[in-house]
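Okay, so subunit A shows up in both of these, paired with subunit B first and subunit C after.
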Partner chain A sequence: MITEKIARQASEAIDSRLRAAKFIRTALNHVFPDHWSFMLGEIALYSFMILVVTGTYLALFFHASSAKVIYNGSYHALDGQKVSVAYRSVLNICFDVPAGLLVRQMHHWAALIFLWAILAHMARIFLTAAYRKPREMNWLIGLTLLVLALVNGFFGYSMLDDLLSGTGLRIGYAILISIPLVGPWLAFLFMGGTVPNPATLPRMFALHIFLVPGLITALLGLHLFMIWRQLHTNYPGPKRTNRTIVGSRLWPAYTGKSIGLLLLVFGVIAGLGAFFQIDPVWTYGPYDPASTMAGAQPDWYLGWVEGALRLFPGVNLRLGHWLIPEIFFPAVLMPSLLFLFLYSWPFTEKLFSKDTGDQNVLRLPYEQPFLTAGGAGLFIFLLVLLVSGGDDFLALAVGGSVVEIRTILRIVVLIAPPCAAVLTYFICVRVMRRKALRTRMTSPEASAEAAAPDEMALEPRPPVDVHELTPGGE
Partner chain B sequence: MPCKEGTIKIYLSASQPCSTPCIQANVGNNMAENKARARCRFILGCAMACLALWVLCWPASGQTPEPNAKPDGGAIFAQRCAACHGDRGQGIAAAVTIAGPSLQAEHDLGMVMTAVESGPSHMPVFSRVLKSAQIQAVARYVTTDLAVIPLAHGNIGEGGKTFRMYCAACHRTAVRGGVLAFAGRNAPDLKNKSAALIAGTIRWGPGTMPKFPSSVLSDEQLASTVDYVRFVQHPPNPGGNPLKQVGPVSEGGVGAIAVLFLIGITGWIERGGKG
Partner chain C sequence: MTDDGKQRKSGLTAFLDLCRETLELGGKTLDFLSTAMRQMQAPRRPPEPLAKSGRSEDRELETEAQIQRRERIGTGLVICFFLLAVLGGIGFLIAYWSGRNNTQVLGGSLALFLCGMGITLVLWARLLVVQKEAVEQRHPLQSSPLAQKVAAKAFCDGAHDIRRRRLLAWMGVGGAGLFGAMVLSLLRSLGMSPDKSLYSRIWKGGQRLVTSDGKPLSLSSLETGSMVTVFPEDQIGAERAQTILVRVKEHLLQLPSERAGWAPSGYVAYSRVCTHAGCPVGEFEAEQSILLCPCHQSTFDVLRAAAPTGGPAARPLPQLPLYADADGTLRAGGGFTAPPGPGFWGIS
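So, the complex of A and B:
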């Protein structure tokens, strides 16, 4: 009773000053539709929150400087070795800072999960055509968030100055300067010239902890605001039209679900950080431009670019006295075309679509076989590239020659996507026919429709007689 | 022997570890070197052919003292091996016949016996010349009396540096092996290899692996490298399952499984926590 009284007095005190009651009342009654696939973006949101929290802790102990010092610390296998200040601070985080290794591993795992969740969320948007009017702008913002997440992931991976990240940074630098005309200037802007140089780490650090996360936060706010403003989409179903929305209110049902998901995402990431080692920089050793290591890969979200680099044949293009090196095509041109396609897709799709006006009811993937088939083909293409990025471990696992495996993958990357697309198309058409059939069988007004002569082909055949199947029968 | 002094010099330059592609990138290559290498391969081929003939035509009368006497490894070494490997197994840089590598890091009995029996690279095959007892005796002599390079008490830090410089490009920093762009020949996993075997292999350079003679790696560097490899075979684990030390590939896979699990959780939440 007393708590109730205190709560009432406090809320009245706040409301008399901020006049928040009206807004909060509408906000708490805001309706969100119930479906598991609408929570994929939330996984990304919550892993981003974990990234910010863990990253803040790590920033207290990380020093982005490539000045050389002699290491004498808890990891004795590097005693007396010349390492950079940045690398030493990472070793200190791993071995000396309280909970440093746990937080660092959580940060890295959260980054991997962030990108996987963005991918899953984006696949859902794409396959249900949720990007249609009025949500085209939010699709563009979401894509920009993906690009920023990829870039920031690369910065985080590269600034530890261990042998793996240094190797990755060299590849990133090579990709950057392969861009015709502007490449070297971009390298000067982002990396301070040829890599490695003393300006690279501080520049990446500032971008990684300040500029890019700031942009991500701002765009995330805009992303969520637009969802709020435009209301969420609905899957087709009873009472669900372009003007109505069916689901649970923000308070209490949706809040409960969402906080539950937040805690579970946090739990999974903390569990990964505690029980699975990630990026053991002490094993990789400090970066030295003269050294390199076999089995060097980027984190998975750039593995498809690595795979494209490995699969693409060594063909340089000469235009007059200009040379466009081979890595430009797989590592700059291919991703650029991919993102150009994705950015323009809501507008390109309008050319084929008959939809007019606002679209708040989603299409199911099988209702748009052509688009779903395209998405499946694109997914398989990127998946084969991702596998090719680890083709050396594939060769180790199957005990074959990496040269032969790469040849096979070069064929697979061309053949598998169209096959997957065609297969998906036919599966969608089949599912669509079956669903149409079921509707006609169940709903009374549709059964009259089904009697029309041109719909007869959709009728099921009579059950097969058992006698016909016995061998040697009549 | 039909070998001239000039032959030996060219051959020695080819026997440097620079002849493998990965190191070659650091050293740089030029036309003259390639030509010299091609020439030395040809001369080396001739020399090997002569040697093979010489070994095959070796008269059987030379062997067969009393069958029950214990063979003297030192004597066999002086007779069969010292010409190429030096009388103390120190290796010969430029000598009368073909130069052999130093054996002073060959602590592994089995590997020396294999080498004597099978004759790796340009070494003659002795399996038809020496009996197995004799091979064992000479291998024991090499590993106990000649292998004087100490393998303990290296500097792990320096060894790590050397390993990253020369070895990690094929064996990975985690010493778990890696692939090479040669058909079916991959750099092996070093996890269960003994210190004796590692040291001898570094000097010997079997198969596709380059040799690292004392002109490239000093005895101290060798001992340090061996120490480092032995250390990384069982690296300290400050926390978490190392996922077979594969790196970003296995980490991405675990991340994908975790996200699939979380997607499953969203379904579970939508069903009200049931089922």
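So, the complex of A and C:
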């Protein structure tokens, strides 16, 4: 067979230079579980690739300068207007660069999908308790990737120097400067002075296209390396124990599916970029310090911060001579506490759980009612905040006044999350009981297995592989 | 003399060695040739069987008949989607090179190509690849306690060879500290210290209020219930200097007593930068005498020194003292009552 001959020759050629035969074998045999929820992280990875590709194209045409020029390009509605070089270059991308608008809209859509996929992926990890030993480190890396993605998204749409992004930057500055003690220093260090000022755009550009994506790439590499080393988790099921992994192999089934998914993610983003307008900065107009867009909204992934900004009451807290601005609590303290909770969760959980050793079989959400209830509460909390970020639109839609709507939302944001948590808890308990009942009726062995899933964790470790001790055994 | 003799002797030994080696080499060559001859005559042994690739225990999920039936359907489907993708690809090339730069056509054809190829591959993996379930044993992540000890020992053995370790540690700490200080110093070039501009109250006493076109304003410029954005003469268009000038009915004003003279003929002026998040407080609702920030809907009462009345803002907009000079031109009586803009730690 010609294939075998080529495969063997290629394998020999690579191996004789890199001693890679064993790696190639294990790589091709690597087992990936077949469950749709494992695709979420992949979608995030692929949309990041698209962000890098489209972002590189855009960076070739974008000029991060707030120097003022008179616009005189193909978009005649703005002819003769004083705009910044940055804004002009964006209009140039939209109207003059071949396929420029397509690539820009794809870039923005890819960013939204990137964030969506990360959050969905993390929700899956959280609700199935996949962060348990040995995967705690990867949970921390994943959270850091989320933070970097949020920050870079903000930089991205704040660089264009249109009216909306200028408003966002101002709010960003206000948030930064509100931090007690170091706020003004941080704001000046990062933005180069009070906004707007000429230093800000080049700094955000450097961070957006170089530093943050570099960090994301490095951490992604580490993230994937750990998954590769530790293997995926498995949902509970036949043959799936703490010491096995069940699924399809990298070659050929998984390769086909995964590259197919990459192309589909790319294709869907291309379709969105083609047919669904996003961030049409030419209709917003250039940034002008003396005006604000009515109904200014951040991208959805920052909507919860915007909502918190709106709902938090105006408390004027002074410590003697010093002020803690009202914006500090919803925009700095609340997100910090949230991320502190998320970062520490795998370790906090260890204080309560009796798990020992590696946990390679996932828990289903209903099997851990307490955790799922907490997740539901958190989700509803963030969702109410997200809705509050558009309370002016909500007021328009339902025909109330913003003040009334806001009063209602202030109550809802406090009451809904605990209600959702309690409700979820009881639903989980009910589902668990019903499942237990059903398995007990069908087979006695199955019920014994289902009743004590933790016993697998207590299985003795297999005897140590002697090869591990010899040099080069791996 | 002795040296010379030694040399000669060693030269002789070397020569003898060389002779012996040559002979040995000849013998080896002969040996090799003869074995080679013998091997060539001998019947070729069957090739060594390959070790298992490690996937022999994978379980096929279907029967051969099922696979074959699926193969027929799959082939047709895969070809259909590939043709769609080709259509998209050709469409994209035509759309691009025609120079029309139509986002919908370009993006639509690109999406058609990518989705077509993606579906082709996924279908291939699902229909034209034999579906198997692989079960693998996980190797325990943890090495044996011995291996862990050996790793730690390797570090300790190496560290043991380092002399004057304490000195090295001190030098390391010192060098790192110095380097940190150097890097932090470089950060200084990123921004001036915040003190100067942050605390500025922008206006100087006696400055005229001018519009964004630079026109000065007088007592007769505004009707009651209207507003205009003004700047100090020397900072037209500056973000932090923007000021909102409103004319209200004089008898309705409820300014604190020390600000009683700051509103000639019902003109009051406040910073236009919201104290909450720094957006321009752009909307004036004359009936309720309220200034509204469009970002987070904070409201400020114009009649009561711009005190916050609703929304998330906690502090009033800084007020600008006003007076009218002899010709009725409006002038600033001094700076804002506080630095304009969002709050921070040291704001008074």
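What we mean here is this: the second predicted complex is superposed on the first by the 425 of 474 C-alpha atoms of A that agree within 3 Å, B and C clash if a C-alpha of one lies under 4 Å from a C-alpha of the other, contacts with A are read in each partner's own complex, and residues count from 1 in each chain.
Rule of thumb we're sticking to: a residue touches a chain if its C-beta (ideal position, glycine included) is under 8 Å from a C-beta of that chain, and two chains touch if they have at least 3 such contacts.
In this text the structure is predicted, and so the values were computed from the model without any measurement.
By the document's definition of touching, of the two partners only subunit C reaches A:246; subunit B does not.
By the touch criterion defined above, A:303 reaches subunit B but does not reach subunit C. For subunit A, the partner with contacts to more residues, out of subunit B and subunit C, is C.
Of the two partner chains placed around the shared chain by superposition, neither subunit B nor subunit C is touched by A:375.
Shared-chain residue A:264: touches subunit B and subunit C both.
Look at A:290: by the touch rule set out above, it reaches both subunit B and subunit C.
By the touch criterion defined above, A:55 reaches neither subunit B nor subunit C.
Once the two complexes are overlaid on the shared chain, A:171 sits against subunit C while remaining clear of subunit B. Judged by the document's definition of touching, subunit A residues 101-102, 105, 257, 260-261, 264-265, 268, 273-275, 290-296, 392, 402-403 lie at the interface with subunit B and also at the interface with subunit C. On the subunit C side of its complex with subunit A, the touching residues are 53-55, 58, 96, 99, 101, 103-104, 106-108, 110-126, 129, 131-144, 146-147, 150, 187, 190-194, 197-198, 212, 229, 237-240, 242, 272, 276-280, 282, 294-298, 308, 310-315, 341-348.
The touching residues of subunit A, counted against subunit C in their complex, run 25-26, 29, 31, 98-102, 105-106, 134, 167, 170-171, 173-175, 177-181, 183-185, 187-196, 199, 203, 229-231, 239, 242-249, 252-257, 259-268, 270-271, 273-275, 289-296, 309-316, 321-327, 330, 358, 360, 391-392, 402-403, 406, 461-462, 464-465, 468-469. Across the complex, subunit B is touched by residues 34-37, 39-40, 42-43, 75-81, 94-95, 101-102, 105, 108-109, 112-113, 116-117, 120, 163-164, 257, 260-261, 264-265, 268-269, 272-280, 282-285, 288, 290-301, 303, 386, 389-390, 392-393, 395-396, 400-404 of subunit A.
On subunit B, the positions that touch subunit A within their shared complex are 26, 155-158, 160-161, 164-165, 168-174, 176-184, 186-187, 228, 231-232, 235-243, 245-249, 251-256, 258-259, 261-263, 265-267, 269-270.
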